[in-house]
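What follows is a pair of complexes built around chain A, which joins chain B in one and chain C in the other.
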Partner chain A sequence: MSRILVVEDDPHILRVISLWLTRQGHQVCEARNGLAARELVQQQMPDILITDINMPGMDGLKLLEQLRNENRTPRGLVVLTNRWDHREIGESLANWGVHVVPKPFSPSKLAELIRQLDEQQCVKTSDGTGAGEVKTCEL
Partner chain B sequence: MTAHPPQAQRRAHNLVKGLIGALTRDGPSAGARSLGLVGATLAPPHPPLHCLRACLHGDPRRLFTDGCDWLRRLAAGAPDAGGLRDGRCARGFRVAARPVGRNREPVFLVSAEGEGDGHPPADTGSQVLDRLESLSRIFEQVGQLLDENEGLADEVLRSYEQLNLIFDFTQQIASLTDAEEIEKVLLHRLGRLLSASTVVTVGAGGQTRCFDFIGDELRDAALEPDRVPVAALGAELDACRTLRAVSVHAAPAARIMVCPLVRLDNRVDVLLAARPLAAGEFTSGDMLMIESLLTFGGQIISNAEIHERLRRMSLEATRALVAAIDKKDHYTSGHSERVGVLARLTGQRMGVPADQLQILEMSGLLHDVGKIGVPEEILCKPGRLTRAEYDIIKSHPRMGYEILKPIGSFGAVLDGVLYHHEAPDGSGYPEGLRGDAIPLYARIIHVADVFDALTSTRSYRAAYSFEQACEILHQEAGTRLDAQVVNVFLQVLATFRHEHPREFDALFAAEREVVNASA
Partner chain C sequence: MERADRVSQPQSDAQGPAPAASPATARRWGRVFPEPLGVGMAAVLLAGLIGAGAVAQRTLTQQGRLAQQTEGQAVTRVFAAALGHLVEHDDAAAATGFQQLCGYEPRLRAAEWLRPDGSVRCRWPEAAGGAAPAAGPAPGGGQAQFSAPVPKAGGGAAGTLRLTFHFGQPPLPGAALLRDCAVVGLVALLGFLALYRLLRRHLRPLDAIQRNLHSYASGLEREFVALSLSDSLGHIAQCWNHMIDQVQRLREQGVASPAPDPAGDALRRFESRMLLSLLDRLPLGLLRFGADQRVTYANAVAGRLLGRSAQELVGLPLSEVLDEDVRAPLVGAYSRATAAMSIDRKRGPEEQQTTLRFGLIPAPPSCPDCEALVTIEDVSHLQEADRARDNFLYHVTHELRTPLTNIQAYAETLTGPGFDDEQTRRECYNVIISETRRLSRLVEDILNVSQLEVGTARIEVGEVDLVRLLRQIVQDHLGAADEKQIDLTLKLAPKVPKIQGDKQRLSVLITNLVGNALKYTPNGGRVAVTLEVHERSLEIAVADNGIGIAPEDQPHVFEKFYRAASPEVQAIKGTGLGLAIAREVARLHGGDIRLESTPGQGSKFTVELPLPAGGG
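So, the complex of A and B:
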């Protein structure tokens, strides 16, 4: 059970993701672009941030960069990419410790990834290590 | 993916909260009013009182503890449920309840009006009931819309899942050329898309193969007629072959989808996907999806099969051509074949990429194709050649090049043919290239060619022994032959002879026959 912030400009995809995660028992916040997401993060730090890349206003990469600069990076980071983005930036994002999920995403795999992130967080909070560690997860 | 009870409860709870919100926005005229859900199935963490508490002055538990027996019985799931309940008074509240939803156990929408100060509000019970009636209608309508919404979301999620699988499938097969591998991936995706536990293929000749899912992997398994009654489904299999349509059948232990996979030459394999009973029925959406997946997959497999067939055909045609040339000079029979194989083995050891090895082998096979233009009396002349005759022999690389040049797909093969008599010290022909200016394939073929020529009996001399030939290669390394290639070639030869003695013998048998014949 995590607090998850979902950032996605397409309202329908946003609804589907947030509905799916709510069904998994998570507490979900929604934002339609990077700016709104940044404000929400400032108000309350989510455990996991799931963001689209291409969005009007502030896109997903800029959002991640800003949060890094402000030292407000949520512990679990998931980026949704389309297949072309995925080829270009997938690897560099994975090196940042960001989990990359190509669209059309598989709901079951997304749920599995969130479950793993949840577990990792439990481990981290219990032994206090793991900060800055590079995580890769094959989807 | 359907909403399970706790989720349905949470939803109903949120709905009531929303209604309360709407009611309190009505202003003071609405009076002190509260709304909640009461029912035996409403379990923590959303107890029925929670909602009542939301806007009731004071502690709503008083409604239960302070004498509203009737409400207590409702909460316990009393059997007198059904129909609209009377408005009743309890310590200054007027309380009414109405059953809502389609749950097996009754859940009541409860409204409580009043200040809780011991004085019941002025409204009569029936007025309270009227209000409750319209509220519950809204409650039910919104509930229905939410149900619909959930159903649509289920459908969208399922589609996402399927789309993802199909995307993965297309991406995975893009890198595959082998028909069998593509088929394996196709079966895996088909099984996953259908939540099948077992997939069986029945070939055009009736041969069956059975695969079980172990976790996410598809493994070979023994066919269990109890689970997938292939024999009992015989008529359906025949129908599938002729109609080429997907159909669904019930077996005692599973639901089975029978689907056609049309392969090359209109051969139809029948695929059976068995889904455990617990996973529910196949839908028409499933059938449509599988039909398009298999139409697409069958095409891809057919293409891979055609590709393989053409590849083999072109190799066989080349071999036939080469054998015809070798026949011109019975001393060189099998020579081109051996040079091709030795060149490939050497290239492999030197790190030539796998997809290029076939080109190298082709080039080795065809290196002497130009000899077709050399008159037989020169080619097979015993004893010394005149200078003019030798010049004609030396023209064979260029002649081979000219013969093959018009064949577009042999483009990559040409270097090896044209330059296979070039030497690192510049003493070779036709262009006298030096060192690395000679293409790698040509350097490799040159070494293989010289070795095979040495170990063969020629019209003008007897064959050298294997060891003598190796020694000569050593001596020529760095001058007439590329030193690095010779080095690798000798290793390859030793390994090949050691690991595959029979193939080695077969490859050099022709030479021995000639030796024996001349002995």
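So, the complex of A and C:
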């Protein structure tokens, strides 16, 4: 199972993603904007990062750029967006191995994508501790 | 081509310009030089000849007099030398010799041999006595006196010889000289006349062109006259004939005005000026250019948009007027004679960027050599409208997608495996219901603000009791205020007149203001709603002691979808439509809305609604 950081400013979306991923046995960490997410990554590198784009403070694209500059890019990257230019965003981020998921999305399909990423990268929690929990990291 | 062939066949100059020339034209052609000018030139030539003769005569007379003087001097010296010899051989015979010598010179009138002491030793003629004639040659001929010492053997002088001559007038230049002058003058005059005639003949075509153009411009003649090919001006004649060929061709195409019509010409000139003036006032820049890619016309707007005056643009090559990335496609389309096209190009620095749209109106297919028009339009405002539309759509889709995402995700969770516990199911139902309401409100708000902005909102005007309306709205919000322990108060003026307005929309206005105040005021705060009556207006104020609005955000809070970027604001749900709707409703009622706010201390929104005259 993976350590997954979910960055989303809408609490309901954040909650439903956590519900589905936790049920799959992942360790989920939540952040409400890019700044908070960056600090969490500095504390502990997640295996997979799921982030919204439009958020107050630091948006998702800025967060990805900063993590890349700091060489702290998680091995799996998923971007959620409700922007209508999500195809262009996907093309521009393709080289980074980023998966772009437009809103509204199906949580089951998102969970399936995370499962595939988890398997492809063989990202496993070392001791299984914390699996199936939602870790809320309020900053 | 027909005319060019004719021109290439030399015609006799003596035949005059062309068979087509009318007798009147031929007569006029005879006056290349005005005759007084020819006569004047001949007179100057004659006067020059006479003057030269007079100068020659005077010079010759002076030379004659000089020769007489030199001769008198020489004769005196010779006589003195001869007397010296006589004195040396036989002093006594010298007197006789003196007399004989004097007799030999016919022009001699008197002679005296003076001793060194000045007394007269001999005189000739011996009978003559008295005073000697005046010295030097007399002016205008007559007597002249010369002296010379009589030499003596062994040095010294045996006296002085003084001779008085009578010279006649110096010989005048003879008839031969006058004859020569006359001959030369005559030859020069004849030469001049020949040259004059030759010049007249060669300059005839120029005169013809000048008079022909004048007549044509005055509307007196309809046809130009072709010229013959002379030796010296053949090229000019050829060019002239080529030009009138072109005019003829234009006429055949119906471009040139066929009938001489001075009144019509004046009207056309007036219309032309009017047209140019109108073209200058078009909100569209116009450039005309031909096959040589040079600007032949530019209106004032084209000059302004391209940063030069219209006059400066005319005559410039297109490459100096338009950027290469604009010029090349336009000229390409021109040369291919394709249909109209347009290119947008941004200009200027980022903050003052304008977008110019360059278009080409090609020459009509019937006239591929005709000039094409480049149109230049400032489409910055259109782009601004496009940006505003895109921005609106961006925000609308963004706002709609969030509740849709929640509804879809929670519905799927509700039906998905593994979420069977009661708490999760209840949570899902609640989110679906609240997000559906949110979606519904959002759609209504978007429709409202759009209709209000474009003026298509349906208004139901009636009598509105604001006191009752405010009490109702405050009552409806007491529950929400209690949840945050906010002190929500209503203060009404004692006597409030009823107004005419749309009750439903005024209710939305006040609800949005009160709802915002409760949203952005922390727990335990205060929200005060007041209604004041002034002489000509009513003022509804909603004041809170909430988070306030930053000065940089205040000018924008009434814009659609605008939300302050501060984390405090972003943490609270909102679409940025409530205040935009509030302002539109206030304006719809002839009033307006204003904001006073201090960050950290609170905000006060005041709606001013006008009262009918005498209604206060």
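In this section, the second predicted complex is superposed on the first by the 118 of 139 C-alpha atoms of A that agree within 3 Å, B and C clash if a C-alpha of one lies under 4 Å from a C-alpha of the other, contacts with A are read in each partner's own complex, and residues count from 1 in each chain.
Everything below uses one rule, namely that a contact is a pair of C-beta atoms (placed from the backbone, for glycine too) under 8 Å apart; a residue touches a chain by one contact, two chains touch by 3 or more.
Everything numeric in this text was worked out from a predicted model, so none of it was measured.
Applying the stated contact rule after C-alpha superposition, one finds that A:105 touches each of chain B and chain C. When the two structures are aligned on the shared chain, A:95 is found in touch with neither chain B nor chain C. Of the two partner chains placed around the shared chain by superposition, chain B and chain C are both touched by A:16.
Judged by the touch definition given at the top, the superposed model places A:57 against chain C, while chain B stays out of reach. Residue contacts after overlaying the shared chain place A:42 against neither chain B nor chain C.
Judged by the touch definition given at the top, the superposed model places A:27 against neither chain B nor chain C. Taking chain A as the reference chain, the count of touched residues is higher for C when chain B and chain C are set side by side.
Common to the chain B and chain C contact sets on chain A are residues 12, 15-16, 19-20, 23, 83, 104-108. Those residues of chain A whose C-beta lies close enough to touch chain B in the complex are 12, 15-16, 19-20, 23, 83, 102, 104-109. On the side of chain B, the complex with chain A involves touching residues 1, 3, 7, 153, 156-157, 160-161, 163-165, 167, 171.
Residues 393-394, 397-398, 401-402, 404-410, 412-413, 416, 418-419, 424, 427, 431, 435, 565-567, 569-571 of chain C touch chain A in their complex. Those residues of chain A whose C-beta lies close enough to touch chain C in the complex are 9-10, 12-13, 15-17, 19-20, 23, 32-33, 54-57, 82-84, 103-108.
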